[in-house]
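The structure appears below as structure tokens.
As written, the chain order gives the labels A, B, C and D, with residue 1 at the start of each chain.
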């Protein structure tokens, strides 16, 4: 299945008084990597929303291993772990760029929701696009 | 004209590596105080949105005087400074609760936008509600 | 073991373009509830930091059940699930206030870190304070 | 005087229920552009902090002209407007990348603070570095 990665720098606003990036921001970075994952697969998330679907977050998990400092370059890698009838699961690995140390890893789980707010099966066009191996 | 105030505690996530609340969050607190200002005036902002109006932020300004630490109680005072044909201006004062020290002050300016995204005159019902002196 | 709860209102800045509170903010609310849990137990977290300890987040998990709208009152309940030699586990339940619907639940795991950045055993004073049943 | 620019994509977490980037995040983007401005001038802000100085925000202002949507590319341009004895002033212009439309503009004002928390004169090494015209 497909994967993608993005790079961010830790913003000052993202640090806390421990001097490292606050743990909540890792989830925002994962989300940005998920956006990139969908774009690279050929279906930007905003297009999916325009087609009447949303992928709200049902579960979110992160395990933190290393602190990330202000202005450090960070790599976030995202990949589909599961594209099932009833849910998607996306996995993430977050690396400190300079030494490739794994700083955190996590996952999110998403149902497919249609216009009327109901959970629906993962559409076929989605499965076709994203279940193929990464080029 | 009317005024209102709210109290918040500085959240850990709101601190930065200088050990004090990051300056961007003051604008979120001002917004929360603005929400309270409208609720107390009898027109919660969500009701205004339901009536087809929005009040986007056109200008935002803050002058910072004192740092605010994690877990400190903070008072945010909001009041209408101007309810004009073409814009609203709301002023804010942010106090450290324990000693009433002024920690920051600022303002925001808002046009009235209707459903179609056009700037409109401040509606009469709004002027009536909020131009009266605070009880 | 002890528990505590806080109440927040969903801030405008916390909503996203789906119209509900963005999932990352639930973790900030949990953190604020954890702060309250420690304060009520008699050891505000800032005092713990002053004594040379920190409790960074090692794991964070949340399961989302209901969206929470702008300006809704939200109750966040926190309790210690585990106070072990090597880690603390805190559990959270997030309720929509108006109908007591469970909107989300989650947990965080924390090691005890001392001044020098090393993981240490959970100090006895901490165990004594927080392992007792809630009054 | 010197200038620099960065590019960001609007993150989902940065949108609000109006469907555009919330106004507070513009200040975080400005800060990230200011970080880049200092890096390109040869003095990354973290190095300045290591030398015992900080540049807290004394004033922050933004005028908003256009909404910025989820996933849009945004250019933030930063330049020193004033490098005076007692303060720095940095100006910002925020553009929608696709059509170069000006979406917002603003400024921040910063005193120089030393280790002991006192306001000091802008150090000579700083003036030399940043007062020169951009290459």
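Descriptive notes on the structure:
Note that a contact is a pair of C-beta atoms (placed from the backbone, for glycine too) under 8 Å apart; a residue touches a chain by one contact, two chains touch by 3 or more.
What you see is a predicted model; the values in this text were computed from it and never measured.
Of all the chains, the one whose CA centre sits at the greatest distance from that of chain C is D.
By count of C-beta pairs in contact, A-C exceeds the other of the chain pairs A-C and B-C. Once the centre of each chain is set as its mean CA position, chain C and chain D turn out to be 33 Å apart. Chain A and chain C have CA centres that are 24 Å apart. A straight line joining the Cα centres of chain B and chain C is 28 Å long. Residue positions 12-13, 18, 24, 28, 31, 70 of chain C each touch two or more of the other chains.
By the touch criterion stated above, chain B contacts chain D in their complex at residues 18, 23-25, 27-28, 31, 54, 56-64, 67. The residues of chain A lying in touch with chain B in their complex are 12-13, 15-20, 22, 24, 70.
For chain B in complex with chain C, the touching residues are 9, 11-13, 28, 31-32, 35, 39, 44-46, 69-71.
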